[in-house]
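Same chain, two partners: subunit A is paired with subunit B first, then with subunit C.
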Partner chain A sequence: MDERPVSPALKIAAGLMFLFLLAPLLVVLPISFSGDDFMAFPPSSWSVKWYGAIFANSVMMNAFWISLALAFVVTVLSLGIGLPAAYALVRLKPPGAEALANLFSAPLLLPTIVLGLALLLVFAPMGLIGSFQGLVAAHLIVTLPYAVRVLSTALANLPLTVEEAAGMLGARPLTVFFRVTLPMMRSGLVSTTALCFLVSFDEVVLSLFMTGPRLQTLPVAMYNHVDQQADPMAAAISVLLVVLTLAVVLVVDRTAGLTRTFVK
Partner chain B sequence: MIHAEPTEMTRLAQGQGFLSLRGLTRRYDHFTAVDDLNLDVAKGELVAFLGPSGCGKTTSLRMIAGLVPASSGHIVVDGRDLTGVAPYKRDMGLVFQSYALFPHMDIARNVAFGLEMRKVPKAEAAQRVKEAIAMVRLTGREHHRPAQLSGGQQQRVALARALVVRPSILLLDEPLSNLDAKLRDEMRTEIRDIQKRLGITAIFVTHDQMEALTICDKVVVMNHGRLEQVGTPHEIYEHPKTAFVAGFVGRINRLPGRASGGVAQVAGITVSAPGFDGPVDVMVRPHRMILSTGPVPADAGLHQLSGTVTRATFAGDILEYEVEAAGTLLKTEASTRGGEALLAPGTPVTLSWRPQDTFVYPAS
Partner chain C sequence: MTSLALSHTEPRRLGPLGTASALLLPIAVVNAIGFLWPVVNLLKMSFREAQASGALGAGYNLDTWTNALTDSFTLELITNSVGVSLLITVLTLIASYPIALYLHRSTGTWRTVLMVLVVAPLLTSAVVRTYGWIAILSDRGLVANALMALGMAEPPRLMFNLTGVVIGLTEILMPYMILALLSGFGRLDPRLEEAALTLGASPLKTFWRVVLPLTAPGMALGGLLCFVLAISSFVTPKLLGGGRVFLLATEIYDQAIVTLNWPLAAALSMIVLVVFGISLTLYARALRRIA
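Right after this comes the complex of A and B.
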């Protein structure tokens, strides 16, 4: 990366921006260490009891495992469907590839609440509400556009000549794909994985429509909890989620390079 | 008893050449990139495809490689018709302008890739990789990634990678165009040395006439998808068949004239133009024109034109002049071997040249 001098005005603007983005955390972090029984800022006493309360709460722990399994399945499926789709769009260029690519990103343009309502109307008669399969399908609608987008860009940025070179050296098309194309897409694959995982793990609106009393994702469980009780446990969970997100982002940065992965 | 190897017989029947192109054509929706290309390349020859960008030279190479399907025509290698055969079954080596190395593999694995695809036993493959890397003088860099090497080194890796599998034909697509001038000269000689040592048949696509003339056995000049002329570098330079070849290979002066009865009148002089009638272009290479300030003996058998220097440039080893003669600006040059001084603009001069250095073409 090239280093350029940054003007003081830009530094101040960037600082204000960061402050704006981090402001919620500045409130949530102290509250999560509150010793009070209700949310108040600033807390009157300090403790870590609400972190302990999370692990003692079976509803929350169940929801956590469901969210984790859900994010895992959704990510694997997003890659499994997104990669062939991206390959077809970019490399095979069927007629109307452009229109198809736009169609695939259409769900991103719709407000999630509209999507959620539509899914509810379609899934309810099929008995998919409150089922794991229903949740997976709902989340895929949001994660697939990201997957196809990021993977298409990664694929389109690869120099075709490198794959041609492999072919000239005697590699069959499938060998070229696995030995040359896929390894060269590494940063795209890492960022797609991270993106799909985080989007699925954090998804609230669609999940609210899809979950039932027996099946709750973590964000939905948190929502319900906050709805009924105003204790600081939700703040403690939020902090843990921020830590998890940060961990994923750090892994991406270390393995693929953050700016190269997300900015391009 | 008459006996010949079957491949030999087929080859002769196909009509000469280790590599034969027969009516090779590539049409796109709105234009024809390569139009009816016929060519025979003998075993061990280095042949240049030379022409300006868009002339069809790269498309021709990619059709030979199998990366672009031919619209019609045939590609025959050693008696075997390869038209329609997938690239990975063609057993050809291709070196790209952009090197096209595998960025995620080190140098040794890049070079070994083709051997791995051919399932060459490990020990033998390791030995051949070692030799190939030594051949391009990169021993010690085996475990570097391509990005850690300079452009010239990367292109040498690409060359080693293409040659290690001992392909039937080596294809080079503007392999030197991304290198700086000094490196280009070195690599040019290096490619020629390696090609000769291995005795491999090779096609070298280039837009640089120097590359084509200096290292190739044969030059194929192309323009607008058509073959203009095939010949040795000497033939191409000294006997250009078309005005395009004369202008593209080397520098040229053009004088408009008119021909009738086997001679052409141009700028007040008469040149031999057998078989021409009507408007013609008479062409002479600048460095074949001798510039003199004194009188030129009339019995020297040279064509002569009087004119005035309009521009004089000192270029170190030569002096470059622009001379106005008979209403046309002509370029010429003089050696500085004897320490000659630059003539001032306005100096009256005589340009003279040998009749055999005069080319005549129908006016374009």
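Right after this comes the complex of A and C.
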């Protein structure tokens, strides 16, 4: 559309700023292959020993499995709670639907440091700190708004005619929903799943308030590790995390389209 | 609403309102338990009495608030946090503007590739990106080694101080700023620039008088977003500040987890929310002036 040639000055400025933006991700890869015992850049020798160190580190491995299980449970619950809510808000439009939608997305407006503290203060007396249930509840508060929003958009964009046709041909509402509506929402469901999974898997501030010494998620274990000693093992974990994120993004891109999902 | 929701064992007898209530009940419960109640409780907590042991007094009073608002440490904490966040916002805007403008002017696959590069950091954990900055800024990091190779005997300390926090947070907030700027660049019609250039304005003057004012709404949105995210971010200031940089967010965590002064942590949280409210009001006012 825009035929105006881009000036060289803008090109250079944009290039430099891109370098700045990507710098932390670009240095992590070489450091993860460091042969040094401490973090230095550039490393003085190369090896894959830090990747081996992850699998020998029981704290990190436990934290990884906890994060994986947590993200799975949180994603399933987000879909299970978010889908009926989105359906009710978009299709049944009860009075005050808009106010309710705002209320349900309100937790995202709260800074996580404030939300984390607020949850700590009510969960601590209930003995939920350092428990899996407490983590699930905390993560649900931030994944549900995403789930409801993405699923609502997906539902609102569906053509009603197919569902109406199925209804007129005698299909019961539940049958219409499961046989017609749900399959048509496939890309919205994939986006929601990926988004909830990544948000839960990456969440660190809420988790810092919710975890105890015995139960740590991977981002919390990494935070604690980097806080004490920023050795190359953290770089190796970072690389694996970036690869995992890329894999999820690729799956979403194939099934739903990346830009449609993450760039509104 | 409760009575309607309770009768969900007979779904076919429910009217549309009843079905809607039943479908919304789970999310309403999660929202009430995980959001409304904790926030109300947080406000109440700031009026509780803190005791040295970390226990809470029985009554409610204004002690925490009066202490927080007269103590020079907390006051400095607030002004520091606001100042640092403003600085980060301005730096983020300066660093993001060329990228956003370049993205706005590029097309096709190239634009998609660049877009992915902008969104990719957003999808990686703040811990990972902060760790990357430690690798660049630490005493044995990229910058220090490069400066030493160039002959500098003692490179400046870039980490465990405010410099590191500002550099790291600026980079971490750039994707939000770029996306906000892009959303506002729709009003930037290339024909207006061409007209200005044809009428004899220099490229610099065209940028200053045409491009910049037209993109002001995007700048305001990005500014609001970055300021709010900067003042509430915790991981980066904690790791790159190394416990030597005191900001509102890090102090909330320390008071809650280390010192166990919950009323003070709650009061500081409320102060963060007040700063949020003020910046939203200023944003709305700025937007009205631009439009």
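Throughout what follows, the second predicted complex is superposed on the first by the 237 of 264 C-alpha atoms of A that agree within 3 Å, B and C clash if a C-alpha of one lies under 4 Å from a C-alpha of the other, contacts with A are read in each partner's own complex, and residues count from 1 in each chain.
Just so we're on the same page, a contact is a pair of C-beta atoms (placed from the backbone, for glycine too) under 8 Å apart; a residue touches a chain by one contact, two chains touch by 3 or more.
Given the structure is predicted, the values throughout are model-derived calculations rather than measurements.
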First, second, both or neither for A:Trp50, with subunit B first and subunit C second: neither
Subunit A: partner with more touched residues, subunit B or subunit C: C
Touched partner set for A:Phe197, first subunit B, second subunit C, both or neither: neither
Which superposed partner A:Tyr87 touches (first subunit B, second subunit C, both, neither): second
First, second, both or neither for A:Thr175, with subunit B first and subunit C second: first
Contacts of A:Arg186 with subunit B and subunit C, given as first, second, both or neither: first
First, second, both or neither for A:Val148, with subunit B first and subunit C second: second
Which of subunit B and subunit C A:Gly167 touches, first, second, both or neither: first
Touching partner for A:Phe64 - first (subunit B), second (subunit C), both, neither: neither
Subunit C contact footprint on subunit A (complex, rising order): 1-4, 6-7, 10-11, 13-14, 16-18, 20-28, 31, 38-42, 80-82, 84-85, 87-89, 92-95, 100, 103-104, 106-107, 110-115, 117-122, 137-138, 140-141, 144, 148, 198, 202, 204-205, 208-209, 219, 222-223, 226-227, 230, 234-235, 238, 241-242, 245-246, 249, 258-259, 262-263
List of subunit B residues in touch with subunit A within their complex: 65, 67, 86-94, 96, 98, 100-104, 113-114, 117-118, 158, 161-162, 165
Contact footprint of subunit B on subunit A as seen in their complex: 159, 161-162, 164-173, 175, 179-180, 183-184, 186
Interfacial residue positions of subunit C with respect to subunit A in the complex: 16-17, 19-21, 23-24, 26-27, 30-31, 33-35, 37-39, 41-42, 45, 95-96, 98-99, 101-107, 112, 114-136, 138, 140-142, 145, 168, 171, 174-175, 179, 190, 193-194, 203, 228, 231-235, 238-239, 249, 252-253, 256-257, 262, 265-266, 269, 272-273, 276
